[in-house]
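Both of the next two complexes hold chain A, though its partner changes from chain B to chain C.
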Partner chain A sequence: MRMLPTGEYIPGHSFLHRLDARVKLPCFFILMAAVIGAASLWGYVLVVAVIAVLILLSGLPLPAAVASVRRIYGFLLVIFLMNALFFGGEDVLASWGIVQLSRGGMEQGFRVVGNVVLILVLGNLLTMTTLPTQVTAALASLIKPLKFIGVPTEEVAMILSIAIQFIPTLMEETELIKMAQIARGARFESRKLPERAASFIPLVVPVFISAFRRAEELALAMEARGYRNAQNRTRRKKEPLALRDYGALTVCTLICLVQFLLRRC
Partner chain B sequence: MLIEGKNICFTYEVGGSSFALQEVDIDIAPGEFVVILGANGSGKSTLVRHFNALLTLQRGELKVARIDVRNEQDVWLLRRLCGMVFQNPDHQFVSSVVEEDIAFGLENYKVPRDVIPERVRSALALVEMNGYEKRSPHTLSGGQKQRVVLAGVLALEPEIIIFDEATAMLDPTGRQEVIKIMQKLHRAGKTIIAITHYVEEAVAADKVILMHQGRVLACGRPQAILTNLELMQVAELIPPLPVRLYYDLQQAGIQLNRCPLTNEELAEAICQFRSNT
Partner chain C sequence: MTKMSAVQRAVFTAVCIGLCVVLPMAFHAIPNAGVIFSPMHIPVLLCGLICGWPFGLLCGLAGPLLSSLITGMPPMAYLPSMLIELATYGLVSGLMINLVNTKKLYADLYISLVVALLAGRIVAGIAKALIFAAGKYTLAAWVTSYFITLWPGLVIQLILIPTLVVALMKARLIPERYPVQG
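Coming up: the complex of A and B.
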């Protein structure tokens, strides 16, 4: 069985594993804001140090924590070059028509790439230490207030939970269909982007058909097990937040505040 | 009778003339192990989906545990009474954690929160999957996945368990695992209805219902149905290997004392033949 490519949950008992997902999610967004808000070298030192500590607290090996970054080297290079060559600025190092390599552009490129890398690692840490079901349960809990404006929060949570757990099986099916088409002469490995994009079109139709078929069969299986709607069910017991959860939320908020103070200095 | 059906007709096209079920009569007693046998498109799944009201009865009569399947208010009771395991285990999981998936049905029936863990544990024990509570279903083998699905059904303590081609997508080991649990549940007094096109799976049944083109072609003991070459041919099924061998030997002039259904019976019959000659 093929699993999620990166960021897949790795069972463990580390501090991050034990943190409540209802806290981990807001902490992730707060730290993401701290990364985006970093404007100086000290700002980046702070967030890099925080992420290093988080990797230690997650108990995950470093290669696993940064796995998703290694997969998008090409994408990061494109982002860097786009910024370095088209950002403009006054300190131009070289110029070829409308393309200008500037110091400001290079700085901007490094900053954007740095932000993407740090946010990816944060996301990895979140998903590798949190079960998809915990993430969706936390989301359901966090979006609960939206119920008052008529949003069917329980249904949304159920849809999210099922969608997440269907990803590995759909990926496996896509791979099987791709193999079947390769066996009949289809080519997916063209280096030209338009050709490569066009080659994926015949893949989309069977994958969609398969997804709809699965959805129909799952709906039948759910009905057979007595599913009516998300409201009319036994509610799961919500564990109260532990001291470490409150502590983590406070520390993350403080880090974000320090970051914005550093920005002002 | 636990299930009593008379003159059941069903068509998938509204007002259409192409019937998926035509004048089907069915009787299933409590505790029976019934195998519904038929080629693809013979109407097996369509028939059993009426038992728990997944399909609405269009014509005829059908009562399950004396409940008329047409009564809309009894639909949820029927579904609790008739557990159903479908063909592909991957299409039946609603959670990525085994224990949460098993608890799904219990939560739907508002089983008290503090009772659920015990029910989940005993359902897992029944399918011999203790210790897998925290595992992701996607990391299990085909047979284990289907056993987890079955545990989700058993947690609701149904009287009738329907296996809708539940072994069709499994490898031989996985099939054996599921069949073993099926037989164990039957011995424990559950009514088992297994749908299959694998004739070998019908050998151990109390009753075989042979279906073809939406009709019941024959109904009776496995020995009577599976050894009838004509019936099997009409139903577009191939008889079990020992039966085919019995008739091949007969054509070659070797007459065994009875038509065997299993390899063991075949070996026994050949030994007996040799000792007689």
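Coming up: the complex of A and C.
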């Protein structure tokens, strides 16, 4: 089966699709705080349950919602092992020189990996149910107060939106170049620092050249279509927030509060 | 290419912010590469040098923030000090490349880069000493964390960033700083 593109918008009419992006973004940050604030088993049960409900409300297939997690399982394994083997602590299960496998390290590893996975799924739900143009408009709306201190907020929102859209493409390209350099004999896993450092250059230079080439093409395409300045853009209509938007914001805030109450218990 | 347009600067900045997310993910799969080589610093410094200080500053702020939101790296606990450090890199590298004009490309790049790297480390150290670890942060801890532990990253940045700027100029993706007349 073709790998699902990470975080790409999937059209739909679900509750999450209909939620205003100006509310979805703050909700994302509030729920992220709830994930980071989880300190006990019940705390994690709460955030996992909330994310499960959100997946149901998004109407997205489960494989799509967790696609980004499947793509970086190797990285998650490395994070877990680094925490499990180097965290230290008193409850040591096994030890090999400076490397110590401890219960505390394993718990810390599970916690870090769990947080990354949950935040990735939340981020996926956000980007898969929100058009990039809506994210840009929402960002522009949320950072609007910065206009008073002279920040070109429309332009900043446009840059952030392009950056978010570039990430999956850049990831695929980096992986391809890495594989190509390994096939050519690059030794990323070498134990010698100079060798490892030398292997770094043939990877980074092509990644940057290819990324800037794509950026150049996009800039040319934007200019050819008459794009000049984000501040000159106009909008046809301004939608007011609906009742469901206020409801969603209230529920997310309550979830975050419950999480922090659970921390104190 | 004679001069970059505002749209080009904006899109190049967007790509640099994207690379702030992607490069650490790619290098964390290589043992200790993330810590040793500080891959997020490279796009920020490059953005400042190529697009100027406002874009460098934006890249320094948005890059780590976006990376932290999407990948959890850097962890939220380290994010504020990293934001200050990287924002200073982007800001100072952009300011310096506008100020320095020795008529020699490598000299301009190295002067700007070294000043930016020092300024970022000094500002981050001051922020840690005064705000994030007030009273607990020592000069020895600053030297150890920013110069001794991260020296491979420092060397890599000093080799790689001028190389990247020249490679991008040769690929005609950015304008020549000192174009050959005639």
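Here is the rule we go by: the second predicted complex is superposed on the first by the 181 of 265 C-alpha atoms of A that agree within 3 Å, B and C clash if a C-alpha of one lies under 4 Å from a C-alpha of the other, contacts with A are read in each partner's own complex, and residues count from 1 in each chain.
The definition used in the following text is that a contact is a pair of C-beta atoms (placed from the backbone, for glycine too) under 8 Å apart; a residue touches a chain by one contact, two chains touch by 3 or more.
Since the structure is predicted, the reported quantities are computational estimates derived from the model, not experimental observations.
Touch criterion met: A:Asn115 reaches chain C, while chain B stays clear of it. In the superposed model, A:Arg225 lies in contact with chain B only, and not with chain C.
Between chain B and chain C, C contacts the larger number of chain A residues. When the two structures are aligned on the shared chain, A:Ala180 is found in touch with neither chain B nor chain C.
Once chain A of one complex is fitted onto chain A of the other, the partner contacts of A:Met32 are limited to chain C, with no touch recorded for chain B.
Judged by the touch definition given at the top, the superposed model places A:Val53 against neither chain B nor chain C.
By the touch criterion defined above, A:Val156 reaches chain C but does not reach chain B. Once the two complexes are overlaid on the shared chain, A:Phe208 sits against chain C while remaining clear of chain B. Of the two partner chains, chain B is the only one that A:Leu131 touches; chain C does not reach it. Put simply, chain A uses residues 161-162, 164, 214, 218, 222-223, 227-228 to touch chain B in one complex and chain C in the other. By the touch criterion stated above, chain A contacts chain C in their complex at residues 32, 36, 72, 74-75, 78-79, 112, 115-116, 119-120, 123, 155-156, 158-164, 166-167, 170-171, 174-175, 178, 188-189, 193, 196-197, 200-201, 203-205, 207-209, 211-216, 218-219, 222-223, 227-230.
Listing the residues of chain A that touch chain B in their complex gives 1, 3, 9, 11, 131-133, 161-162, 164-165, 168-169, 214, 217-218, 220-228, 232-237.
Note for the complex: chain C touches chain A at residues 5-8, 10-15, 17-19, 21-23, 25-31, 33, 36-37, 39, 42-43, 46, 58, 62, 66, 69-72, 75-76, 152, 155-156, 159-160, 163-164, 167-168, 171, 173-174.
Remark: chain B residues 52, 54, 76, 79-80, 83-84, 86, 88, 90-97, 100, 104-113, 116, 134, 136, 138-139, 149, 152-153, 156 touch chain A in the complex.
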